[in-house]
Amino acid sequence: MSSNATATVVRTGAGSRFVIYTLLILFCLYYLLPLYVMVVNSLKPLSEIQAGGMMSLPEEWTVAPWASAWSTAQIGVEATGLKPFFWNSIVMVVPAVAISTVLGALNGYVLTKWRFRGDTIIFGLLLFGCFIPFQMVLIPMARMLGIVGLAGTVPGLIFVHLVYGIGFSTLYFRNYYQQFPTELVRAAMIDGAGFFTIFRRIMLPSSGPIAVVCVIWQFTNIWNDFLFGASFSDFDSQPMTVALNNLVQSSTGVKEYNVHFAGAIMAALPTLLVYIVAGRYFVRGLMAGSVKG
Amino acid sequence: MGFLDIKNATKSYGAVKVLHETDISIEEGEFLVLVGPSGCGKSTLLNMIAGLENITTGDIAIKGRSMNGVRPADRNIAMVFQSYALYPNMNVGQNIVFGLEMHGVPKPERDKAMKEVAELLQIEHLLDRKPGQLSGGQRQRVAMGRALVRDPDVFLFDEPLSNLDAKLRVDMRTEIKKLHQKLKTTIVYVTHDQIEALTLSTRIAVMYGGHVQQLGTPKEIYDNPANMFVAGFMGSPSMNLFPATIAVENGRAVARTKLVGGAEATLPFAEGRGFERHEGRDIVLGLRPEAITDRDGADRNSQSVHVVEAHVEVTEPAGSDTFVVTQMGGKEVTGRFRADVDVQAGQSFPFAINMDKAVVFDPETEARIS
Amino acid sequence: MRGYFGKTTTLAAALMASASMAQAADVEVLHWWTSGGEAAALNVLKDDLSGQDIGWQDMPVAGGGGTQAMTVLRARVTSGNPPTAVQMLGFDITDWAKQDALANLNEIAEEGNWNEVIPAALQKFATYDGQWVSAPVNVHSTNWVWANKAIMDELGLSEPQTWDEFTAALQAAEDAGYTALAHGGQAWQEATFFDAVVLSVGGPEFYQASMIDLDPEALGSDQMKEVFDRMGTLRGYVDDNFSGRDWNLATAMVINKEAAFQLMGDWAKGEFLNAGKVPGEDFLCFRFPGSQDQVTFNSDQFAMFAQGDSVSDEQAALAKAIMSPGFQIAFNKVKGSVPARTDLDAGELDACGQKAYEDFKAAASSGNLYGSMGHGHANPASVKNAMYDVITAHFNGEYDSETAVEELVLAVELSQ
Amino acid sequence: MTQIAPDVREVSARPQNAGRDWLREALPKIVLSPSLAMVLIFVYGFIIFTFYLSFTDSRILPSYGWEGWSNYSKLFRIRAWDTAVSNLLIFGSLYIVICCALGLALAILLDQKIRAEGFIRTVYLYPMALSFIVTGTAWKWFLDPGIGLQAVVRSWGWESFTFDWIKDGDMAIYTIVIAAVWQTSGFVMAMFLAGLRGIDNEVLKAAQIDGASNWALYRRIVIPQLRPAFMSAFVVLAHMAIKSYDLVIALTGGGPGTATELPATFMYSYTFTRNQMGIGAASATIMLMAIAAIMVPYIYSELREKK
């Protein structure tokens, strides 16, 4: 786990450094282009968009589309904007991410430090579960939720995300804990610490980097999910993506592209924020285990 | 019944038996070293004593109480790991008392114990640091402190010095020895370093291939190795082992072996060892380097020193001694000469061989013949 | 199928029974009307209900012309937690009715005389097995051509009456440097062409046989090859950049005088009006040449999901409100469609709307009202989409007309 | 020793309780069991359920009339299915290969003590944070020859520039690749960057002293050491490729025609849009078997090696 966090010692000449920077900047443009299109067009009046020129800067700058997307755009019968749905998403995403991370950590802990006959098969089963197409589970899942009485509830939705997120969080934590010295666990056992004490006092305090990776991954996936959010929510718990979809996909009527773009960026802000804030720990977290072994 | 009894213990992973039937019994206050090359089963045995691995068959008892099924925390043992296994998120003080905390010892007592241990190991100034900020030797001390504070029945050490540099290793070795002499605790210590084994232990179990090859005091192990493996593994440079044949001359058993150039050396055994009955038998003769010296360096108390002219192949001055290499029975043989002896490679030189110290092995079974 | 669903509905009923205690007098409505105008129109309904102390729980799921909503509906029903009322189209209503999932609205229908005021072609969808199961909100007709009047005037064109006149007009527009036909390359838009072309080639009988009765002979006939040939001709007048374009962008081409014509349902009118264009002055609307007497339609309806034995009071109130003349006019004024009932005064509608309402009433009384295949009112979803596949593949040049006919027969067979 | 430590012997000497022992032994398994149970029911149970449905006459909702193999025989006669499968092969292999190549290249470039590395890294990484519900429209515009890249380049004076793949049935699938690569390659880059940072610099110094050129250094020393990163990237990418749904819906809706249909969109459309749940289930079954055929040996070999 003691990895060298610095850049490579490979040396490059001035000429190749110029080429490297040029390439890096070109790719920055590639990655930023769609965001540029969205931002620029979210700051134009609709008439400018309809007049064409999706790449050009606004002649008249306006934040009206943003205000509209946030609080007055038509989402359903009422023109509420995305505001109320934002909270719905938070209420669902935060517990789902938290539980799935903790559960993944526990699973990884058991699978690496409390190994038993057949544990690899169980891990294989969990891992393969990541690959199931979500469209396939929609109907049986709805049925199960109905049977246990969680249909159309926030806990139900959290549960669904938990089930289909568990594979990846277990994968991350298992690979990370595999690098974690087993001797520490043994020392703690001899010191008299039990299963959960070791987890809480020894493993968790050292799990920061991988927890960041896991949280980023789960947060992104759950926040951006549309299918489950639309199918398993209720009228009062529809998440942000469903609202955004309603904003953008309205079948007939004028398409207010500027408002759509503003709403889209708005819906993406929390995930963007997570990436920007936690991004620096992300590579470190990946480094500390998940891409090794 | 001893303080720590290992009775017929075995360990298997599936069909693979990594530890064969093992019986070891030591008394309170003994320092048992399990020594052997990697993969010999020594760490497995230690983990079984600790309760970190289950026993497949047999029994391990501490103070007469069977430990089967008793979890590590309830065995009243403490362990020092090779990597020290210090909890990275806790400072030194917390590391030391973690075990006490887990056993429900109240905080004032814990703090008192921590102070005492820190004082004993001279690490008081480190108590607030995190393990990551410590040097190797300091970590080693903290790891020991963590074990000491528990006042266990048995201390278990798993190659505790192998991550230290050579100088520090020697210092810590001495320190452990002192500590043992002072505290008189029972210790089981695993190492692959035979010098550590010889210097520290009161008893050594030499292990190889999942078997205990020999269990005995350091002197027994050194002087009377039970077989060729033990002979070769313990001591440095290791014991010379070369083929010879037993003959009887004038009613006295001798070993005959070939020197470089085809000359035959005849080496009489000490009186009364009874090798006469093995007349004509092919053997492997074992001689420590210190039993092969220059003429003046030979042991004056020895009954049977014999001088042989032999061809010197290499000399290796080592400061206090010079190691001189020749061949006997087609094998390289190293002798330990005094440093001021003028001996050159290529010349023929008299080697004084102390046959009192000779050990004899069966070439087939590799066991010692007595 | 009944066996399975019987169980779910019992369960659903049990769940809903407990749930509805807590939230008595609320209706949860699943729909996909999220654009400003539509939502405003629905608000009329909401206010109407709140006047009767019935709360409105809004459950909008937009996307794919209601397909997203239908997916959600299936999850909701399977989980035993169906919405109170659901916006539905055509054969979806029948499919759900077959599952015994919908509430019987006969009492309200009788009271409101629905049998008289709703044309038979609509009743085909709104009733199942002699029971009213849904309340139609509107009727969109889909065989419209929208034209830029400035271009037509410039080229001296009048409203084409026949296929040949139409192709001549298209050719003239193209020769003058305009995009002759504004079109968005999405399956349903191409299917909208197809509806109109089928009618223009073979008339109502052929439409009935091929699109509604799915007669393999009609589907494999020479007439059908002619239909595909004409589709190919239309393809020739579409610009290269059509694929994937949203319909409203195509409409914008007509508005902006880039294109001369667009074939689209009456919802396109909203785009013209929003752009400040005046019907009859800036743009024209007329029936696709060769289908002047027919109206192909699709109709949004609200079906009520059964909650126990009988329709609940709130559902009844909602159904009544939907069928009320006030709502029908108010809603359709905004939506661009026409009321589903034939007994209203259309004075409040605009010129195109009045014309459409007259056409609709005429077609209804003369039996020329046909469900649109392109909009799921001629045959079930599986067949419709199978036809989409072939029509789109042909339109995109993957098949020639002959292959297309063969594929159409096969696709329809496989989808049933 | 007793003088320096409190006596803990009493605690350790307490009699063993059989029930507690059992609990202690079983605790790890108990902790794991909810996850296992969830996966067994909600993944494998559903797979079996879907498998069963594929033999039934299910249309709008599950129904249990036995139909035998007819859904499968219908499935294989549907041309869109062939298209979907071959598209997945094209898309999946291109997507994985390009993402890995690009991710690796960017990681190597970014590993050269670049100024503002943190910023550039975030720029490369952020697309992963966005769903295609968000970026779909922007991409659609960008790829649209009428208003997107083609139009812009032409307005700069290069009149013959043509980029109309999204409108071209043969090329449209490649535009899906472009957008998919855009979304994930930054993430792959981060994985490789982490792998690169984990490589011992001593080894690189040694190789430099041995006279290895930079090119040889990377090809012979560095890249072989990135194998675990490749493996992780492969799992993530394969999983994304198979699940690609939003992407296609947002960009092309499966068109032109059925040119960009993928198994995931096919399955969704038959199960939900076309009310032919039986065929949808059959396609899901085939898809799962294909996934299993690729992933099971991979997972097996990975897990075996690690022992």
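Observations
Letters A, B, C and D mark the chains in the order given here, with residues in each chain numbered from 1 onward.
Basically, a residue touches a chain if its C-beta (ideal position, glycine included) is under 8 Å from a C-beta of that chain, and two chains touch if they have at least 3 such contacts.
Not measured: the values here are computed from a predicted model.
Considering the contact criterion stated above, the chains in touch with chain C and with chain D alike are A. Highest C-beta contact pair count among chain pairs: A-D.
Relative to the centroid of all protein Cα atoms, the closest per-chain Cα centroid is that of D.
Chain A and chain D, compared by their mean Cα positions, are separated by 14 Å. Averaging C-alpha coordinates per chain places the centre of chain A 38 Å away from that of chain C.
Chain B and chain D, compared by their mean Cα positions, are separated by 54 Å. Taking each chain's centre as the average of its CA atoms, chain B and chain C sit 91 Å apart.
In chain C, the residues that reach two or more other chains under the touch definition are 8, 64, 71, 74, 78.
Listed for chain D are residues 11, 24, 61-62, 268, 272, each touching two or more other chains. The multi-chain contact residues of chain A, meaning those touching 2 or more other chains, are 138-139, 141, 192, 194, 245, 248. In the complex of the two chains, the chain A residues touching chain B come out as 181, 183-184, 186-194, 197, 201-202, 205-206.
By the touch rule above, chain B contacts chain A in their complex via residues 47, 50-52, 71-74, 77-79, 81-83, 85-90, 98-99, 102-103, 146, 150. Against chain D, the residues of chain A that register as touching in their complex are 3-12, 17, 20-21, 23-24, 27-28, 30-35, 37-38, 52-55, 103, 106-107, 110-111, 114, 116, 120, 122-141, 144, 162-164, 166-167, 170-171, 175, 178, 192, 194-195, 220, 224-226, 241, 244-245, 248, 257, 260-261, 264-265, 267-268, 271-272, 274-276, 279-280, 282-287, 290-293. Of all residues in chain A, only 50, 74-79, 138-139, 141-143, 145-147, 149, 151-152, 227, 230-232, 234-236, 238, 242, 245-255 touch chain C in the complex they form.
Within the complex formed with chain C, the chain D residues making contact are 57, 59-65, 74, 77-80, 140, 144-146, 164, 166-167, 169, 172, 251-253, 255-259, 268-269, 272-276.
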